[in-house]
Each structure stands twice: as structure tokens, then as C-alpha cells.
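Labels run A, B, C and D following the written order; every chain starts at residue 1.
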Amino acid sequence: MNLNLIILIPLIPLVVFLVLGLFYKKIKPAISGYIGVFGLLISTSLAFYAAYMYFIVIGKTEGVYQTIVEKTVWMNFTDSLRIDMGILIDPIAVMMLIVVSVISLMVHIYSRGYMKGDLGYTKYFAFLSLFTFSMYGLVLATNLFQIYIFWELVGVSSYLLIGYYYTKESAVAAAKKAFVVTRFADLGFLIGILIIGYYTGTYDFETLNNPEGTSILNWASTSFMGLSALTWALILVFIGGAGKSAMFPLHIWLPDAMEGPTPVSALIHAATMVVAGVYLVARLFPMYYFIEDGFALNIVAFVGAFTALFAAVIAITQTDIKRVLAFSTMSQLGYMMLALGVSGYEGHEGLGFMSSMFHLFTHAMFKALLFLCAGSVIHAVHSNFLKDMGGLRKYMPITNITFLIAALAIAGVPPLAGFWSKDEILVATFEHSLFLYVIGLFVAGLTAFYIFRIYFGIFWGKESNYKDKPHESPGSMTAPLLILAFLSIVVGFIPFSEFISPDKAGFETHLNYPLAAIAVFAGLLGIGLSWIFYKKENELADKFASRFGAFYTWAYHKFYFDELYLFVTKRILFNVIAKTAARFDKKYVDGTMVGIGNQTVSTSERIKVMQSGKVQDYALAFIAGAVVLAIICIYLWLN
Amino acid sequence: MIPGISIYEILTVTSILFFIGVYGFITRTNLISILISVELILNASVVNFVIINKYLFPEALQGVYFSIFIIAVAAAETALAVSIIINLYRQISSVEVKDIETMKY
Amino acid sequence: MDILSLFIVLPVLTVLVLVFTKNLKQARMVALAGSLVQLGMAINLIFAYLKEIKTNDAIMVFIKDVVWFKNFNIHYNIGVDGISVALLVLTAIVVLAGVFISWKMEDLPKEFFISLIVLSIGVYGFFISIDLFTMFVFFEIAVIPMYLLIGIWGTGPREFSAMKLTLMLMGASAVLLVGILGIYFNSDSDGGALTFNILEIAKVNIPFEVQRLFFPITFIGFAVIGALFPFHTWSPDGHASAPTAVSMLHAGVLMKLGGYGVFRVAIYLLPEGALHWSWFFIILSAFGVIYGAFAAIKQTDLKYINAYSSVSHLGLVLFALLMLNKTAWNGAILQSLSHGFMTALFFALIGMIYGRTHTRDVTKLGGLLKVIPFISAVYVIAGLASLGLPGFSGFVAEMNIFVGAFENDNIYYRIGTVIAVSAIVVTAVYILRVVGIMLMGPVNNEAYLNLERVRWYEKLGILLLLLPIIAIGVAPLWLSELILKSLDPFLKGVL
Amino acid sequence: MNFSSFLLMRQEIALLVIILLLVIAEIFIPKKKKVSIVHLALFLFGIHAIIGFFEIDESSLFGGMFRTNHLIHFFKNVLNIGVLILLLQSADWIQEKIVNQNKGSEFFILLFSSLLGIYFMISAGDFLMFYLGLELSTLPVTALAAYETMKRISSESGIKLILSSALASGVSLFGISMLYASTGSIYFSEVVQVLSSTNLTLLGMVLLFAGISFKISLVPFHFWTADVYEGAPISIASYLSVISKGGAVFILMILLFTVLRPLAHIWENMIYVIAIATMFIGNLFALRQQNMKRFLAFSSIAQAGFILLGIMEGSKLGTATVVYFVLIYIFSNLAAFGVIQAISLQTGKERIKDYEGLYRTNPNLSLVLMLALFSLAGIPPVAGFFGKFFLFTAAASKGFYLLVFLAVVNVTISLYYYLIVVRAMFLRKGENPIPFFRNKIYMRIGLVITVLGILLLGIYSPIYDYIYDLSSALN
């Protein structure tokens, strides 16, 4: 395999970004779109070439897929600790390359239609390229610090793209929120990295993840508050991942992030960047698994499960379709985390890991598709809200069909992609813990319910009063829809476990028919319920909602987490701490310094009477001074 | 050497003289009186020099001629002071010490 | 003339020529020519230095030693190592950018450029000095023009700010003088002669009691100019009142004297004192880091925000220096450089915004990205660099500092480190707040629609500062190696 | 007695000759041409100052009453230069305001007499010579202080000066009599051999010290300073603050280092206290002054406090640093007074407020004043910095770090008020700034010399080395 070609995969988007960014005034919008698409087309082909070479041509050596690493020193910290830049190729990296390439390419193509006529067209493509570059870099990272670097870069690309409509206050606020919340999570990540670096002396994944490596064997050497230092580090790293993957309670930025252009939501906030957290945990999976008997992994599992449930409940109540999709994304990410959390390491025990990656893969396809469809709808009706839609199936047949396929996929209806991956997750969970399995199953039902709720709401039901008739989107937008729809159908049949497993050896999986049946039933139940509620305009849904009353309102308001955070940040951090700091600085610190000066001046004012202008006072002072001096001298002499 | 009178008594007198001078300097309100007080201070020193020379170190006359010089300088000083005071009197028709306080603080 | 003395002689010549200039046009051309040559020399110095250290493994190279006051053993003794070379380049770049930014200095132009260049003489001299006395002389030379620069060409409460700044800095340097004298009179502890020579003193084992006494004095003396909490309060007022180029030079270069001095004098010469006191100052500086960041959140004046951000960033420098290991030191130097470029860039941009809108109040500004896109875009980039985004110099520096700080397994150090690291979040908050309010959002004042676009000289000034930020951020290795090589001598004392 | 040994008194004799020549000239020059006496005096004194640089042997005269050595000789030369600059700066004033009152030649005669007194004072080998020199240096100045007979404050200042100085000389005489009582001699060389610390000697020392402190205006013997400076003509204030003070510092150093050396452990503490008090009081009072002369008066008090830091060292290093500082101080203060003189002569304005906007109308004058103030404040690269730094070094060499610390605190305070003047000149535009004017040639020469001194004395190190080499003379 030619590594130089692999290195080109991230570099091409970088070059595109630089070209578009530096010459954005000179390049015509139409051309910049072509440059972006063309660049990514090459990257995508190279990604497929890499996959082909890695899995098929090179294949396994001694029963496992070898990890290929090529790196160069970027900066030295100490004799052992340094940041390398390079590429690391192993099964999950290759898989992610495919995901990123495919989705990004689709979004690029789609955006050419969606963003047509926008003033910042070139800028938009530049940012997209920047993001793609960063994401590639993150995927291919060879060590913790490299991943952190690109982690931050995807964060900032996300910031720039969410805030793309920068004249809109809400977009600006959302961008800021996304950045700050993930930044807060990254703080945990960074401290985690620092701890790992200090205790293991390396940032390299190869060394860290080696089950016979010193870091894994010696984890118990240091402890802090009952847990080993490395467990703490892994928990902190997971906090970083949780921030990016919008795990509870760091999820609040993701719904707001929907302020960005819809293709961006599809690319960044559904398919690629948000799975970075999952990818990070998967990347460090051996560490998570072996250190302190997977203590940190349990946390991952529970957080994942809770988030899956929590987000699904909220998703039911939302009326903004992009937000529904956002919560759906959260929920599915929770699923992936859950799967990772329940996974074992060797052979078939690695089912959770495998299924998580599998779900990541399939989810990327159908969720991107859902978003792009939503974008197509929004493009047509100029609104995000369900109340402004309805009955669109007549006007937008392609969008309708593709959306339906995606919805079926996410609902886990066989034989679409979602069914296969979700089924594996449920199997893995079932083998680990019944409790988590029940949650997972319940979420599967909820998922089907809410996704079909919006499906019916958009394409069926009563038509709104459209100002101008909605029409199907242009070919540049529908083509990606069709491609993704096709992928959503077929990717489930890839024998994923052959390629991806924690120990990289691969294993056989078989459909567990009873569990699959239960899962499918749950999905169908959800679909059925939403058929009853939302297919035709009726009162049932409202009645049902009012039955739940307070709980519904809570869920509608996302359990008031935004308000809670606002309270903590605005009221406490800004108004109390920051204001106090600013005032303290002005009043006391500065006050002291200025006070010293003023005190000196006022002392000067106070003692001015000494210089009374009376020559006799001067004489008195003279004599008194002499006497005092004499007393001092004689006193000193006596002692 | 004055028989029957020791150096201590004389030195006590000169010290008293000195402090009378200082007291006068500080309390008098008339510039001329202050000048007289200064003379007292100087004279205390003059007597001191003479007495010390006579009683303690009679072999040389250092103290004595020192005192002569002091008297001469004191005379010059007085003359100068009085002339300045007269000049002031021309301008403000006063030789009171309270009238020379325009510059202060 | 040796390669280093030129750094003093050339600005002096520039000043002399400036004295005879008649108007703004002449003055700025002379200043530009002078600072261009300086930059050329600085860049030339990098190559000369890299060539020199291949054959010369002395601690400092290009040493020029001339006896000055022989009775005190005061020498005009100059030399450079990697650290000073890097800082010299920083200075040259910022000065040149400052000249560009002051292109339209209508009021007393000649005097302005003279003061600016005199200031740079002080800075250059400080960085190349090996002799404590010479160093101190240059230190004060660098500080005093600030009074005139702020007082004459400043805005707002300029007289008050100028006075406050000067008094606090000179007060600090006065304290420093005690420290320097203390070091000087103990430089014969091993039986040698009294000396001001830093390299000589470093070889002497100064008794621990003396180090314990004089370390805090020397440290505080230098750290005030490095905005150590709670002696930082000259900086917000000073920066807010200063004219653009002066803010740039002051925050970009002058405040670096603090960190450099702490390192070169306090830590290098009094290592045992440093070990003894480091915990205390670490807590102080770490507190300063987070405190500055929090205080910046609530400010509305752009310059105040940046000033508090400087307090925070430079707190990190002091914090890192006290960690007493190579990685953190490397980070501290890198942070000095990075902050120098970044904050100078910020002040340049703020100056441009102020020059166009006549306000620095963020709440009154809005939507500038639409009307002055170049300036605003660079502001965003500078902001991102400032909050430590990879790809920019700030990240490189901060990571070195944090990794270095984590090398110390001691509870005080750990607490300080975690506090300091947390500041990266707060930094993001205040920077994005400004970006959000001022640059993004709708244009909130019709007058802003006709703002003048960026001029060529402004563009040059901006790019001059932006390029190093990116260069260091993308390829830090060569620079950090350059610095790392020079750190070994410092390590001897603290092991 | 070999008459050639009178050459040791060459400076004194030359000055005396100048005085006599001026007296003769006063008689023979017709009234209309009295202005030429200014040129004559300047010319004569200029020659005298130049001749002064020729070497003189180290020896003593009159059985030790008068002595001289290279350091004393050097110091006299320093004073000569100071007086020369002072005369250059005052020449215009004398020509315009004094000569027409027919008092031109007296001014020079009195001034030179006072300088002669200082010569004798610092060359003194016994207390008598010291006393006579002291009086000779003071009395003519009191006359000069009251020289503007039409001005009330001038007379007032004259009275204040003469009364205070009479008290001071009386007190110091009383002290000398005590020292005489306990040692039996008035010769320095004999006194030092038998001096030991007793009540009497300590009291004598304190009183003697008070008398000299009066001239240096150390706290609490300084009160006359501000009033007299304010009232007296500027050239006299200038003379008092640099020449008279410089001479007194030098004799104080001689007395403390040679005569009173056996009591060093006592006077060290005394000076410590006085130094702190002087610096603080001087600075605190200077802070709020509005009048430039008063302002410089308090500034000069504070400077005297700094000088004491050098004296604390008590040996060669201290001597060298003090002499060096005084040299620099003479140049700096004369530059400041020169500018004030020039402005006062042109406009009659003496308040700091009047200086607002000066830079924009008279840039050169304000630059000179700024340099002078920076030098007084001790900011590099001008000379004052080096002077102060070395003084502090001298004090630190004996381990007085706390004192040095308090001194540097005071440097910061002093910087504040020096910057107030700079602020007025540079930062403010002023509603009614002093209009542009050109100085006459003498004033310009005087200012240029001071500026050169301020710029070069510090950086050009051989000067300090030279002083240091001479300084062993005192020990």
C-alpha cells in the first residue's frame, strides 16, 4: 500500500481550503464548488483505495489486521513525550475514512444546490474543506495529542459553520455555545491526556493500547481517591468524547447547532464530527477495557444508555424537524457508547465494539440522508417547523421515498442497514446486562415512533398554506439523496465483524433470531403507534400529550437543561464570579495600588503645616532635632 | 583661672546662656530681639572656648583665638542681619517676625 | 561593529536621523527604514546563530565584553542564546508592525517615532545583556518612554494611566535594584571577585539564606512588568489609554521583559531560592491566570478585555517558569513569543476598529464582519489563536506549559496546574463573546456601513504579525529546538 | 617658610585676585558701561576655572590649618565649573535686572566670596578654618538672597536665611567647643587621635553635625530651604542648592570620615535615621508644590537624603560615589534652574502650571528640563541614574539593604513629582502657554554644557574611575 497516497487524503482538502480561503475574492462561486467537490472526489477514491488495499490486498497477518503507522516528530516535550504527526491505519480508521469521505462528498455535491446564490458560497466550501481535512486528521491520528489537535480543529470548523449565518443572533449564540461546551469537555480530555502522558510516558496509541504494554500492566501503580490514576484519566478523556458526541449532560449544544446550514448539520452534527467521541473511546478501547477491569467502560455504558433514552424522549416532543433529528442523533450516539461500554475484548466478546462501529457506519449513512432530506424539505418550504409542512409527498416524491427509506433504516426494519447494526448492539447489551438491554429496546421503539412522527408530519397529514408551491429539489440535491438511500439499504450486508473487532482478528456473527424479532417488533410497534397518531390529522396525539402533562412539558423543554446551564453560566459564572473578579480588581487590587498613591499625596497634604513659614518654628525643630539626635546617639553609646 | 570657681560652674552658666539664647530665639516676636538671642548663643560658645582653653588646655591658645574670630564674625553677621532687617522695614514698616510668613507650606 | 551591538547602535542612529526630520512623511520613512533594517538584522541573527552554535557550545555566543566601570566590575557585556534570539526577532517584528500601524500619526510624529525607537533600544539591549547592570539600565530605558507615549498620544484618562503605569513599573524596577545589588554583593561567595556578569554568578554557589531573601525581591521586581497578580493593575489602564502602536509594543514586547528577567536572573541565578518559593508564586500566578480570564469576561472596552487577557496569558508564562523544568520553560518562552505576536495583533486590530468607529465599547459595536471583513476575519483568527487553537502558536506554547507542569508531582503544583488549565475554557468564553457581539450579528449602526476598508499599510502590519503566529503554530519544531538547546544551563541549579 | 608652598592655595589666591580686580573695575568702569563688568567677571572666572585643572601638590599650610589634596582640588574644580555654569545662566539676568541698579559687581564679589569660603571650608585642617570658611560661604549668600531689595519675599528669605544660619553656626560652635573640651585641640589630625565616645564628644558631634546639616538641608534642619529658595533670586537659589550644598556635603564627609571616624559606629545610626527622614520628608513635601523653585528646593532636600546613603559606607567607595553624585547633581540641578531662570527672565512665570504646553512652543528648553528632571529622578541613560545606582551600591556594600529599599521607594515617589513637571510640559497643551523665545548666548552655552554633562557623565565611565582613584585621599 502506498502511504504517500494515504497522506494525500487529508492534504487535498487542506489545499482546497487554503486555495479557497486565500483567494476567496478572486474565485467565482461556481468554480469554488467544483474545486471542493473535485478535491473530495479524489480523497474519496483514495479512501476506497486504502480500504481495498488494507482489507483485501494486504489482509490479515497471523490472523490479525496489522496496524500501519507512518509518523514524523512535530514537537518534543521531554525526552520521551512528544507530539508526532502521522497516519495510523487500522480497521476502524479505514472504516472512518470511508464514512467521512462518502458523507462529505455527498454533502459537497448537495451543497452546490442547497447553497446556490448564497453570498458566502466560496467561504462555505472553504470551511467544509477545512472540516473535512480536520476530520481526516482526527481519524488518522497516531497519538493522543494529534487526535486532540484535530479534535480542536473540527471543533472550530464546527463553530465556523454553525455560525455561518453570522448576521443571525441565534446562529452566533449557537456557535458560541457549541464551542464553549465542547471546549469545557476538552478540558477534561486535555487533563486526561496530561495524566496519561505523565504516568505512561507516551501518547502513542500503539504503545498505550498494547495489552502487554507497561501502561496497561502497571495501571494500579498510582491511585487517587480510590481509583487508579489512569482510570481517572480515561474518565476525563471520556468527558472529552462525551462533549463532542453530545452525551448527557454535555449535550446541550447539539440541538442549537442546527442553526447552521442543513448540509452542515448532516455532515458534522450527524454523521462525522459527533461520532468522534465514540471513535475516541473505540480508539483507546484496549485501555478502557484492561485498566481497572473496565471501570471506566461501565461509566461509558451507563452514560450512553441514559443519553439514548433521554434524547429519545425529548425527540418525541420537538416540533422543529432538525431538532428532532438532532435528538435522534444524540440518542443513536448513546447507543454506540452503550455498545462500546458493554463490549469485551477477545473474539466474539468484542461484539459490542464491533456493533458500535457498525452502527456508527450505518447511522452515518441514514442520518446524513435524513438530514439532507430535511434540508431538501426546508429548502422547499423555508421553515423548520412541522406546522409549516404536511402533505409534501405529492410535491417531493424523491425526497419522500428517500426519507422513508432512511426512517425505516433508523427504525430497524429489516433488511435495511439500521436493522443489522442495531440488532448487534442489542445482542451485545443483552449478553452484558438485562437492564441496559431493556433500555436499549425501549429506545428502539421510541426511535421508530418519533422518526415516523415527523415522517408523517412532513409528507402526510394536512397541507399547510404554502405561499408558493413546494417543488422537488434540483438534481444536485436529489442525487446525493438517492445515493445515500441506496447505501442505507445495502451497507447492512457488509460482514462487519470480519473486519472490525477489538483484537483486530475478526470473528463470525450470526443473527440471534429471538432477539432480532423482539427488536423488530419494538420498531414496528413504534411505527404503528405513530401511524395511528400522526398519519391523519387527529386529536389523539394532543390528548395523549396532555395525559402526560407535566412530563410532556418537561420533555418539550428538554428537561430545562438549557435553562439550568444558562443559570450556572450567566448567573453564577458571569454575574457572580466574573463580575466579582472584575469589580474586585477595580475596587480592591487596583484600589490598593491607587490608594497607596493617594495616601502618599494626602499624607503630603497633612504634614504641610510643618512648613509653617515661621522662622521660630524652624528653629524649634532645629533644636529639637539636635536634641533627639543627641539622645539617640547617647542611647546607642550606652548600649 | 578664677579662684574658687570651677570649670563646671562656668560651663553651667554658658549652657544656661546658650539655652536662654535658644529660648529667646524661639519666643521673641521682634526680629531685633531674635538677633540679640543669637548673640547670646554665640557668646555662650565664646565663653566656652576661653574657659576650656584656660582651665583644661592652658599650654596653647587655640580656644582663645578661636573666640576672637567668633566675635569678629558675629559682628559681621549682625551687621548684615540688621541691614536686611532695615531693608525689610522699608518695605513693610515692621520688624515683627509674624510679618515674614508669606512663604510657607 | 559586532553583530549584537548593531542592535543598539542602529536604533540610536535612527533616532539621531529622526531628530532632523521635518514632517510625518519623512519621520515615518526614516522609522520604517530603521525598523526594516532591524528586522533584517534579526533574521540574519537567527541564521548566524544557528551557524555559530554548530561550532561553539558556549552558553551564550557572539559575546562582546567591554569593561565599563572597572571599580564595580561593570561591563558592557552582551551575548545571545536561543531564547534571546527568538525574543529579538519578536521585538523587531512588532516594532516594524508598530511603525506600519502608526503610519498616520499626525500629532508630533517625529517625537512619537523617536520615543518608539528609544523604547525598542531598551528592549533590544535588555535581551542581549549578560551584565546585570547593563540589563537594568536597558530595562529602565525601555520603561520610561512609555510615559510620554501614553501621556502625549494616548486617549481617555491618559495622564492618569501613564502616571500609574510608569510609577508601578519604576517602583518594581526599584525593588529589582535591591535584588540586583543583593546578588551582586553575594557574587563573591566562592571567593571570586564581585561581578555583575550573569554567566559568572551562575557558577557561584550563593548561600541559601541569601537566595531565600533575594529571590522574591528579584522575582517580584521583574514580574510586575510581566503582570503578576496582584501587581497587574497598571496594565489595563495603561493599555486602554495608550495609542495603538504603543499598546502593541508594550503588551507585545515590553511585558516579555518580565518573564525573561525572571528566568534569566531570578531563576538562573537563585535556583535554590526558586525551589524554595516556587509553590507560593505558582499559586499566585495560577490564580492570576484564571482571575485575569474571568475579569476579562465582564469588560466592555476592547482594550480592557485584551489587557486582562494578557494578565491571564502572561500569568501562564510566570507559572511555567516556576515549574522549573525544560518543557515548561520551553512553553514559557514560546508563550512569550506567541503572546507577543497575538496581543500585538489584537491591539493593532482594535486600533483599526477604533480609528474607524471611534468606540471601543463592544456593546456599541456589531456586525463588523460585514463591513470591514478583512480586519474582522483577522480578529477572529487572532481570537482563535488566543484561545489556544491548534495550528496557531498559542497552542504549542500552552501544551508545552501544561505537559511541563504535569511533570511535577506535588500537590501545590497540581492544584496550580489544574487551575491554570481550566483557564482555556474561560478564555474561549470571553473571546467568543467579543467575536459574537462585535463582529457577528447584524450591523447595529448605519454609520458603520460606510467604514473605510483596510489600507495597505495596515494590511502589512497585520500580516507581519499573523504570519509568525501561524508559522510557529504549524511547524513549531525548529523554534522549540532552538530554545530547548539553550535551556540546559538553567537546569543545573534546580535539579 | 617657602613661599612656593603658597601655591597650594593657588585657587584661593586666584579667586581673591579676581575679587580684587572686580572691586577695582567697579571703581574705574564708567556707569554707562557697567554691563561690561559681567563679561569681565565671566572672562576672569572662566580663566580661573580652566587654570584650576592644573595639578596641585598634596600638602598642608599654616601648621595644618589649610591643606589640600587631589580630591579636594578636584572638588574645587567641580565647584568652579558649577559656578561658571551658574554665572553663564545668570548673566542675562544680571545684565537686565541688576546692573541698572548699579549692583552688578557686588553680585560677583559676594558670590565669589562665598565660593572662597567654600574653598577654605573644604580645605580646612582645623575647626577654626572650617568655621571661618563656613561663615564666609554663608554670609555673602544671605546678602545675595536679599538682593532684590524691591521684593518683599527676597528680604524675607534673606532674613530667614541669616537668622537660621546664625543659629546653626551658633549651635555648631557650641558643638565644636565641646569637642575641643574633650580633645584639647582644634586640629583635625590631633582631634582624631584622642577622640573617643563620651557623652561630651557625642553631644559635640551631634551639634556640629546639625550645623553642617543645616547647609545640606537635612531633615529636621532643612526648614529654611524652601522659603529661601522661593524668595531668593533664582541664581542664588541655584547656588544654594548646588554649590553651597555640594561644599557642605564634602566637608561633612571629611569630618565624618576623618575626624569623627572613631565614632563611626554611632554616626552611622544617626545618618541612617536622618537619611530616611530626609528622603521621606523631602519627597512628601515636593509632591504638592506649585512653584518651581519651591519644588526644586524640596527635591534638593530629597537628593541630600540619597547622598547620605553613600556617606553611610564610610570609606573610599562612599567618598567616590558621593563626589560622583554631587558632580552629576550639580549638572542636573543647574540645568533645571537654568531653564527656570530663562523662563522667569522672559515671562516672570515660575509656577508649574505656567509650564503647560511648553514643549509645543519651546521644545529645546523643555527637553533640557526633562533631561535634568530625569537625571534627578535617576533614569538611565542620563547621568543621574549612575550617580544614584552607585550611591545605593555603596550603601548595599555595607549590607544596608533595608535602607536601600526605602531609598528606592523614595525614588519612585520622587519620580512622581518629576513627572508632574514633565506632564505639564509635554502632555498638556495649556490654555496660555509660554510663547516662543530665543535665549541669549550665555544662557545657551550654560544650558548646553549642563546637557552635555548630564548625557556624558554617566555613560563615560573614566570620570568615575578617576574620582575613585582620587578618593583614597580621605582615608
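We take it that contacts are C-beta pairs under 8 Å (C-beta built on N, C-alpha and C of every residue); 3 or more make two chains touch, one makes a residue touch a chain.
Keep in mind the model is a prediction, meaning the values are calculated, not measured.
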Any chain in contact with chain A as well as chain D: B, C
Please indicate which chain is farthest from chain D, where distance is taken between mean Cα coordinates of the chains. A
Would you mind telling me which chain pair, B-D or C-D, is linked by more contacting C-beta pairs? B-D
Which whole number of Å gives the spacing of the CA centres of chain B and chain D? 27
Take the average of all CA coordinates in chain C, do the same for chain D, and state the distance between these two points in whole angstrom. 42
Whole-Å gap between the CA centroids of chain A and chain B: 96
Averaged-CA centre spacing for the pair chain C and chain A, given as whole angstrom: 37
Would you pick out the residues of chain C that each touch at least 2 other chains? 167
Residues within chain A bordering two or more other chains: 597, 608, 611, 613, 615, 619, 623
Going by residue number, chain B touches two or more other chains at 22, 25, 34, 100, 102-104
If I apply the definition of touch given earlier, which pairs of chains qualify? A-B, A-C, A-D, B-D, C-D
Interface residues, chain C side, partner chain A - complex: 164, 167-168, 229-234, 236-237, 291, 294-295, 297-299, 308, 326-327, 367, 369-370, 384, 387, 389-391, 395-396, 399-400, 402-404, 406-407, 409, 418, 421-422, 424-425, 428-429, 432-433, 435-436, 439-443, 476-477, 480-481, 484
Write out the stretch or stretches of chain D touching chain A in their complex. 159-160, 163-164, 167-168, 171, 197, 199, 202-203, 205-207, 209-210, 214, 219-221, 223-224, 226-227, 265-267, 269-270, 273-274, 281, 284-285, 287-288, 413, 416
Which of the residues in chain A come into contact with chain B in the complex? 608-609, 611-616, 619-620, 623
Contact set on chain B toward chain A in their complex: 22, 25-28, 34, 97-98, 100-105
With touch defined as at the start, can you tell me which chain A residues reach chain D in the complex? 597, 600-601, 603-605, 607-608, 610-611, 613, 615, 617-619, 621-626, 629-630, 632-634, 636-637
